[in-house]
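The structures come next, written out as structure tokens.
Two complexes, one shared chain (chain A), two partners (chain B, chain C).
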Partner chain A sequence: MILIKKITPARCVAWLVLITMLVVTLFPLLFVAKTSFVPAGELYTTSTQLLPDNPTLSNYKKIFGLLSTEESIAAGGSGANINITTSMINSVIFTGIIVIVQTFNCALAAYAFARIPFYGSKLLFGAFVASMMIPSVVTLIPNFVLMRDLGLLNSMLGMVAPFFLMHGFAVFFLRQFFISLPKDIEEAAQLDGANSFMIFFKIALPLSWAPLMTVATLTTINMWNEFLWPFLIATDDSMKTLPVALQSFKSQTPQGQPDWGGLMAATVIATIPTIIMLFFFGRRIVESVQFTGGK
Partner chain B sequence: MANITLKNVTKRFDKLETIHGVNLKLCDGEFVVFVGPSGCGKSTLLRLIAGLEEITEGVIEIADKNMNNVAPANRGVAMVFQSYALYPHMSVRENMSFGMEMRGESKENIHTRITKASHILQLDELLDRKPRQLSGGQRQRVAIGRAIVREPDVFLFDEPLSNLDAELRVDMRIQIAQLHAKLKTTMIYVTHDQVEAMTLADKIVVLRAGHIEQVGSPMDLYHNPNNAFVAGFIGSPKMNFLPALISDIEADNLVMVAFNGQKIPFKIQSDKLSIGDPVTLGFRPEHIHLAKQEDGFHFDITVDVAEHLGGISYLYSQVEDNKVIIEISGENLLASGDVLSVGIKQSDCYLFDQAGKTLIDRALPNR
Partner chain C sequence: MSFMSRKLKSSLFGYLFIFPALIGFLLFYAWPAGRAVGISFTDWNLLSEPYYVGLDNYVEMLEDDQFWNGLKLSAYYVLLNIPLQIMLGLFLAVAMDRLTKSLFVKAAILLPYLLSNVLVALVWLWMLDPILGIVNSLVAFFGLAPQAYLGDPDQALVSVAAINIWRHMGLCAMLFLAGLQTIPKYLYESASLEGVTEFQMFRKITLPLLRPVMVFVLVTSVTGSFQIFDTIAVTTAGGPLDSTRVIVYYIVQNAFSFYKMGYASAMSVTLCMIMLAYTLLQMHIMRASESDLN
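On to the complex of A and B.
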């Protein structure tokens, strides 16, 4: 009886729309995964199937360097190479440094804006918020020139430098949270002899675990997928991050004849961390999107 | 010796002055209650003493030392907040030890003090729990425990019982009184509940709009209020006020006060009154008798509402558009619509001039 009452036409339409959107979103991912297991010879003959006839791991072996160039070509590859292990390590270092340092810096700035009154605080905070409206492509050339003049091209420091200081959204997001922390708790700590830094580290930060994780999750996803800046700065193969290595792998083959199997296998590997993040922290990401009103 | 002296203490938030040149001296070991209606500045005054707000003008001295530029942690005060303000991510033990760790106390000392305080407040079983696992009363005890382990010169309580239910409130009130008796430390307690003020205080400071209206012992304030505001604020239910007139002035400041066609003599402290001047007659609900009194006023009332609480009953009525509350024994089961003749003894009456200032000096009852 209760079940019947719950099934309304509006609910049916909502479910239908959601399922359609889910299929539209997941289908390309499924196709990527399927293609990564298809032998090169069957790429076009099985293109209308959801599952491969003769699944193979040769595409994965290829991108992890487990096949020689000859074996790779014999397996239907184009002979293009991708050093996915090095790229993966680079991506982890690149993302890790930025996530840790940027989240910490943003929390410091946000706490100062929320709790420490100083001259020009509102103006400075306004500048931080306004920075969200500046497209990153606008700052690309000045940043590049600066990194070149500092001699930081082809270095990890050059790659992370424009990101790890601050991010307008993270400062704004965390400031709102710090403002909502009960002031009594901080005053109690003040009476207990804690100074501003101690209150930040011992009281405010431990109480901000959830918003910090939200910021860190969003930053991780954004930085893991960041392409343009690492592409400009890291020209050396040993410095390439995964998105850059994928692009490089694709561009090594003549147009129209890329190694689709290898490319899809590398894409699957590159997507796995993001999927894991979404699996564990999806709710936080949704909350942050709700907070910003859609990002 | 933790005497506290406030000299001309003023607090302004931007251009808004909330505390207006307050002067106050509190003695070592006293239990002082700041009482007054919402917005009167009692919590602000407490926060100024704690150092959580900077004073705009004046001097605050604790133990005869100027504290104006001393950090809250170095003033020798500990504060219990209305919201408890426990650190949610720390256990009860960590909450209590945090301040001592900040000051670099030895682990043995921390352990000894926590054991002692938790024993006093019966927190021994709760030391490893987080605040969210505690009831309101337990949280408040932890907040008090956190203050005790600091061994401060002065305890500051900012409406500590207002989040508790009525029964627990009475319980905690008694515990705080016992704590004061045991520790004999100066305590300043902010409340808007005059029952808490009367039951706990050695000295009550009544505040209104950033000014001190009167300072005195609970009995002093009850029997000898300086003005109609204090008279109305101290005592529950509050004092009844009715308009009267000076009908005659005799020698030695003896005046005749006319009310409801009756004239009763009062010895007043002012020589500035004239015949025909309006005055306010005050009398407490518990001093009204259900019979005419030989040496006092009497008048008839119609009961609007009767509240029977068992041991006592309250009757609500109107006399010439002025609300009158009468407290009677619970054995009298009067009901709304009943017409009564009530009387008040002259010695139970209070008299205030037009500005609300008291006109008579009343003797305190003997012990």
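On to the complex of A and C.
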């Protein structure tokens, strides 16, 4: 049966809403992209144009350190540097370590809470879940002091420390999944003498690929964008992640005369990994985000 | 006896399984949360030894205009941010639910949320630049006077709210869309057979059945935006004239610019209490886990 959708006023309004929102969402990003190709002297004259008059790559050369300080200042830079390649690599390492280790640890813990009866399991699970409700600013100061006392300031270990061992939501989410798994295979394996570790690695883990990817995707989004903690720990340029490097590049530019071309080029470069991920894993990302609120 | 030993054995496995996560929980959540309370009773600049001052920090806090101003600004920010964000997200979700299942549209709508607060703040610093920004060009096109936005004490917080509405609208829409898709279509079909208008369907079917998602969005987005920090650190740094010095910004400033660890901790512990009270109240009021479907 072919369902012909009627053109009703409601549908017209809905289209109008949707198209307006899409324009509002995408236009600023396109405008930033345009600005990144505008030579410093033409920012004002081209401010209302959708395309630059004389497109240039000098802003990009500037942020990748391909121009000398003098050339950079001549091209509207402040002489301040952003090690965009270094900070991109730092962001990948920072996010990668946390996503892999945290997801694995949380899967282990979640499996125990779902399947292995142990003393204190209810209490500890409740405590893990409650940890989600503590505002991060509360633990910020003691955690910072701990990192300082351990000499972990400006180190990758210090940057990943509060995140990579455990996350309340991931444990909660994966436990729900393990509970929903049918028990029979695990019980059969148990009768055959398999211990909990064998059952977890051989049976439960291979079945939980989808929820693990959901958790990993959400953690990737959050950690790629994390700002305050790496900002406090990584004061050295060589350790900065992308958000931290962007912020310090911005704050180094003189008041009233920001290096817009350089900033916008850096913004574009920082956006590209997200767009690539969205291109390849769009469905997974959308569905993972939807999962958080659904159940 | 065999039961006891079995439970002991499985407890051993249980603790082996949760060991890494338990260390993380104790080291980076439980202990620091307790330590924050401890630090809040001291005077400590990170360099010398902490000095016990009892409740002095809390007394100072209650008399500190900046503290109250920070709480007020955060609350005001939530009021600016959340209703509009939820409304736009809901409109968008309803529109998408009827019109398209296109992954491209979903991905595009969600894109701003996937970018960091810092990046989004930079995008809008440029868009809202009083002289070069396109927003003032558009304003001029409609014959209105140019505005200072983030540079104007009366507009700065509103501008920050607008920036975050832009970033979170798509996230809200995706969450509501997931909720909408769990509502059985026959409810709408039978309603339309009985001549119920679209608007009534929205009010009587859609909204009530979206309640669980609504609770989730309200709890997480209210507590989240009450703790707004990143965008303000990048765009206004608390200014102009303290008009955006929200509570978390003030706490971080006290800790890491003024090195008043005790005072900052006292305020953060208080903030934690406020957030907990809000979450419990919200869950209670909205009867969180129940949907009218059951």
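Everything that follows uses one rule, which is that the second predicted complex is superposed on the first by the 273 of 295 C-alpha atoms of A that agree within 3 Å, B and C clash if a C-alpha of one lies under 4 Å from a C-alpha of the other, contacts with A are read in each partner's own complex, and residues count from 1 in each chain.
The rule is simple: contacts are C-beta pairs under 8 Å (C-beta built on N, C-alpha and C of every residue); 3 or more make two chains touch, one makes a residue touch a chain.
Quick caveat: nothing in here was measured; it's all calculated off a predicted structure.
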Have a look at chain B and chain C on chain A after the superposition and call it: clash or fit. fit
Name the contact category of A:T86: first (chain B only), second (chain C only), both, or neither. neither
In the overlaid three-chain picture, which partner chain does A:I203 touch, first (chain B) or second (chain C), both, or neither? first
Could you say whether A:Q176 touches chain B, chain C, both of them, or neither, answering first, second, both or neither? neither
Once both structures sit on chain A, report the angle chain B, chain A, chain C from C-alpha centres, rounded to the nearest 10 degrees. 90
Return first, second, both or neither, reflecting whether A:N154 touches chain B, chain C, both chains, or no partner chain. neither
Please indicate which partner A:D192 is in contact with in the superposed arrangement: first for chain B, second for chain C, both, or neither. first
Per-residue touch tally on chain A - higher for chain B or for chain C: C
Just to be sure I read the superposition right, which of the two partners does A:F128 touch: chain B = first, chain C = second, or both, or neither? second
Quick one: minimum Cα-Cα distance, chain B versus chain C, in the superposed arrangement, integer Å. 7
Report the residues of chain C in contact with chain A in the complex, numbered from low to high. 7, 10-18, 20-25, 27-33, 35-36, 39, 46, 88, 91-92, 94-96, 98-100, 103-119, 122-127, 129, 131-134, 137, 166, 169-171, 174-175, 177-179, 182, 198, 213, 216-217, 223, 227, 229-230, 233-234, 248, 251-252, 255-256, 261, 264-265, 268-269, 271-272, 275-276, 279
Touch list for chain A against partner chain C, complex: 10-11, 14-15, 17-18, 21-22, 24-26, 28-29, 31-32, 35, 43-44, 47-48, 105-106, 108-109, 111-113, 116-119, 121, 124, 127-128, 131, 133-146, 148, 161-162, 164-166, 168, 171, 195-197, 200, 221, 224-228, 231-232, 242-244, 246-247, 250, 258, 260, 263-264, 266-267, 270-271, 274-275, 277-278, 282-283, 285-286, 289-294
Chain B to chain A touching residues, read off their complex: 50, 52, 71-74, 77-79, 81-83, 85-89, 98-99, 102-103, 146, 150
Okay, in this complex, where on chain A does chain B touch? 182, 184-185, 187-194, 198, 202-203, 206-207
